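In the part that follows, the structures are each spelled out as structure tokens.
The two complexes that follow have chain A in common; it is paired with chain B in the first and with chain C in the second.
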Partner chain A sequence: MSTETAKGLRQPKRANEKLFRTLGIEPVPDEKKVEEAIRHLDDFRNKLRSFVVTMENCVKCGLCADNCHTYLGTKDPNNIPAGRADLIRKAYKRYFTPQGKLFGPLVGAEELTLETLEKWYSYFYQCSECRRCSHTCPFGLDTAEITMVGRQILFWLGIGPQLHTATAGAILKTGNHMGLTKAGIIDTLEFLAEEIEEDRNGLKVEFPTDKPDSDILYIPSSADFMLNPNTLKGAGMFFKWVGANWTMSSRITEAGNFGYLMDQTRIQREMVTRLYEECTTLGIKKIVWGECGHGWRAAKMYVASYSDLPGVAKIPMTHIHDEVAALIESGQLDLDPTRNSQKITLHDPCNYVRACGLCDQMRVIMRAVTSDFVEMTPNRERNFCCGGGSGVLFDDPAMYEYRILASNKKAEQVRETEAEVLCAPCSICKAQLYPMVKEHKLPVEVVGLIDLVGHALVFPEE
Partner chain B sequence: MEQFVGQIMPYFTVAIFLGGVTWRLWRWMIPRIMHNITLSPFPGTWTAAVTWWVWQIAIFWNILKFDRALWIGAFPFHAALIAIIAGHAMGIYTLGLQFHMIAPLLVSADLSVWLSDLLGTTMGLVFLVAVLYLLYRRFTVEKVRAISSTSDFLHLFLLLTIAGLGNYMRLVPDAHTTYLEARTFMAGLFTFNPVALPQNAFFMWHFFFVQCLMIIFPFSKLMHVFGFFWMRWMVNRPFKEWAPGMPGAKVQVTK
Partner chain C sequence: MPFVEIEGKQVEVDEDGFMTDPAAWFEACAYYFAKGEGIEQLTDDHWKVINYLKEYYATNGIAPMIRKLCKETGIPLKEIYELFPSGPAKGACKLGGLPKPTGCV
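Moving on to the complex of A and B:
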């Protein structure tokens, strides 16, 4: 197996075979890879309509090129959404269409080779599955669907980034990406409660974990335990303020879903299954999701069609922004926007605005909890991705450089607003924007949205 | 050659075209929509979703919004193409009297023929210019050329040839074929009683290349005419949201 980075291609560090075996994947030897990949493609073409229709209908108009931040950042034709899809489309034409079999390269058909698979690995892990291409394409063709197919096949062949594969392993073990154990979780939560008590004049906030007979199951992003604690604190304060009977679960302390980002079968399903097992054991009446873009899409849009458990459709599920916004709109929360008085702008996480219909809610909250909110342009469903989406958060030098290039557009957007604070209510966005801010020398602080809610909430006992 | 192009080939062409399109659409129906992948903001109802599709088709909204330079070519190209296809059907079938038939009191027979000629000529030229523009764009704009294969250029050259021949017949009196000649010929085909092509080499080649276009249609990106609906059916459809409100909480959402 070739573990070194293929020549001239930007590729993230690979997971080793041992790691794949722990996930039940026996890496396919090089001489079998192409054949296996074609077999999987054939499966997908009989299974997944979005894949087939996107494969067969691109007119190569080129409109999507300047609408993808990866092409804007790198000017690499394989990062044009249509060019990215072509990495699969060429083989698709060659093996599955009469014109490709007859005319080959004339109609853009090409044999699949190991080199092409190396390109898949490079370019499907530069795509952030942000769907701006689908949003802008005249037909709605969705290159994110192609990326997902590409990543899935690579996973089955035993090719995947260390970051994603190790994270997938952590999910199976602990139920979260960071590998947090129950003891670690409780520890951190106690610490956060103490911090709130100090900062907010003795305000006592509880963070229940695995509490039986709870009404609400809150699903936080595990990154919030380490990187974005203010988001977790904000959620705790919000639940306290509204007097909810809530809990988190140590078996699924994860709003994200790296399964969705590399293995949309076994690993993605594991999270779904756990989620509903926890609902039945804890007596949950409603699930409220924390700040994570791809994770919220994986939950909101995929759970109903992915679960093996029949009860799924009965337990309602909303995002914490939905809940906060609804209470603000019915005038129920006591908020002091002057506590967040810096000039602040909002980065729309792609998965919220283009895949989950979570858009106006963020504005309702922003206006209620801050006093100097400016929009960046373009915004809402037309917004550009931060460049880190779908877990493209690699630290190896070539990929790190790529991440910064892919965030060029975002940096430019933020700079134009002259904001002092950049609100990015998604764990992956935050993880991407911290280095973006540093490398592009932007004078802004990156925060989540629930952080601001917690800060603005006025408690009588404070 | 003339006999083949005019009296035999058309039946194969139509069979391949209809059979091919049916086969492709049937293939698209085999794989399933596995998950709801609708793009947000979600349309509230199916009516809203379909209205959005129609809006897209009517003015090529996405292209207008995200790539003006493309719209300048793509919109006139498609609009003229539709006008031309409709014009061929109506003009030849009614011998140019279509406008008179639609509004007999407003438009006299002569005026109708004059209008039909005028529109036909204009749309033919608009189409030709648009094809040239799109071809130029495909050659010169780097991002477009980078993702094009030979067939993408060939499609445009084929359209250019067809439009060029058509316009030549319209504009050069010597090369002209009358509506009546064309209708007699087409009537023969439709009644399975094929007659000879009009005595005009330009007509024969025009007719030949149109058939080539119909033959490659089901085996190429030209299927995007249907693909539009298949994709929009997946990505622009209603989604039912759960209502906010937390059971058991002291503070509740009020209506």
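Moving on to the complex of A and C:
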């Protein structure tokens, strides 16, 4: 079923059965879908405490509504976090609570139907898993977790967006979202090294790939190879400046993890397995993560528990922002903030500030590498999502329109700062904000944070 | 998978209307997909971009970084967007029979 036929619901274009089969999923026939979904819900409630807590405790106080950018942008009640969670909660009550079994609709319980599953598909792919709702809810109920449960069950039924499903296919094939090949990776990195040499007075920066006996494995976002070259360049210049023995790996050229956004089992695990195999092959002592919000969350919070190789699970893992901030604080970097002198504001990637404790580090860096930094309001852990979170970067007309609506709040925040540059250190944020600033007619340039670091670093040989 | 008919040939495309097999591309495909993208005429500059993409893909198995595309064809990004309104990564790839980019684009 496509966007047009699903009863007025806004839905992303879905992947076909053939694509699902390449991921090892046999799509469930319509007449079995409801039954299967209930069975999965039963499993989740037995396994996942956070799921049960959210199912059992919402008091419908409504506080979360105006704190979700998707509701603010669309005014659709199913986009109120509590409304979104209700799409599952009604079935949960009906099948797993005594009151629901006895009194049904009187206590908010409802049979699960194919129509409801269509709503799941619509509204769980309008949630960006940004967790602003859970930050606001007096009970800390986390609708992002419910979205994850919903998306996972849909995936097992054989329902998922073309974008996420095709990206999962690229993961299995190449270990990155874009389907980058080793030849493409090396060619791009050579091109970037030449650009630096031209722009920076003959400065020579190497971008090692698959280099054995490296101390540091840097995990870039694959989107940086297509859209965000300055982020890659910044990382290369940083590692050169500190004299690191570093490498990237062509088998895991991906900071993100679309598995985490759709299938937190097979696909998510694939990335973790590759990561650790590469650490072993290359003799890695430390993993440094690149700019990607959901990917850093998936790495920092889930990698150890997904690893089947306990030895390598002990390899320390940090974010490149942690590395840079620590060296700035100990006075070890030579930075010239006047090289980034335009008025600049910072968009806090939700996953950094509400799921990874990566917040002050970004400010330490901003203050050291720019000379006119202005905060947007609200900021830090109260920041609003860019509207593209969890990979809802759909370009079919209905969903594209949704993305722009969901970024209304962000556009308003940016406009108020009167900044000329918008720093957004996350690949999904960048991919969302490039078109967003155009559609909202914001006269700002979108950049990453490591881009600015590279630009501000002063090399003696320059 | 759906098929479209181009000059009497059945061409397989994905859900987004991109060709599934770049090797099956022939010139008429570019004209066919151009129509769907609202591109009236294919100029020399269009072909410069398409040919570079195809050549790069044949060697590297992936589309080039956008900045490299601009540099090698000598066409600035702004003009590439005028040539291909849905952008180099999407519109231009579609005309050249390259797969649709996945991930955070």
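We adopt the following convention: the second predicted complex is superposed on the first by the 455 of 462 C-alpha atoms of A that agree within 3 Å, B and C clash if a C-alpha of one lies under 4 Å from a C-alpha of the other, contacts with A are read in each partner's own complex, and residues count from 1 in each chain.
Operating definition for what follows: contacts are C-beta pairs under 8 Å (C-beta built on N, C-alpha and C of every residue); 3 or more make two chains touch, one makes a residue touch a chain.
Every value quoted in this text rests on a predicted model; they were computed, and no experiment measured them.
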Please determine, from the superposition on chain A, whether chain B and chain C clash or fit. fit
Of chain B and chain C, the chain that contacts the larger number of chain A residues: B
Which partner does A:D86 contact after superposing on A: first (chain B), second (chain C), both, neither? first
Have a look at where A:V374 lands relative to chain B and chain C in the superposition and call it first, second, both or neither. neither
State whether A:V28 touches chain B only (first), chain C only (second), both chains, or neither. neither
Applying the touch criterion given at the start, work out whether A:M178 contacts chain B, chain C, both or neither, answering first, second, both or neither. second
Return first, second, both or neither, reflecting whether A:D395 touches chain B, chain C, both chains, or no partner chain. second
With chain A at the apex, the angle to the CA centres of chain B and chain C, rounded to a multiple of 10 degrees, reads 150
Shortest C-alpha to C-alpha distance from chain B to chain C once the two structures are superposed, in angstrom? 24
Sites on chain A touched by chain B in the complex: 44-54, 56-63, 65-67, 71, 77, 80, 82-83, 86, 97-99, 103, 105-108, 131, 134-142, 145, 215-216, 241-245, 285-286, 288, 301-302, 304-306, 316-318, 322-323, 325-327, 330-333, 353-359, 381
So, in the complex, the side of chain C touching chain A is made of residues 1, 14-16, 59-68, 86, 89-90, 99-105
Over in the complex, which chain A residues touch chain C? Could you list them? 13-16, 18-19, 162-163, 166-167, 169-170, 176-181, 183-184, 187-188, 191, 195, 221-223, 225-227, 229, 256, 258, 292, 391, 393, 395-396, 427-428, 430-431
Residue ranges of chain B touching chain A (in the complex, touch as defined): 24, 27-42, 56, 60, 62-63, 65-67, 70, 74, 141, 143-144, 146-152, 154, 216, 219-221, 223-224, 227-228, 230-232, 234-236, 239, 241-255
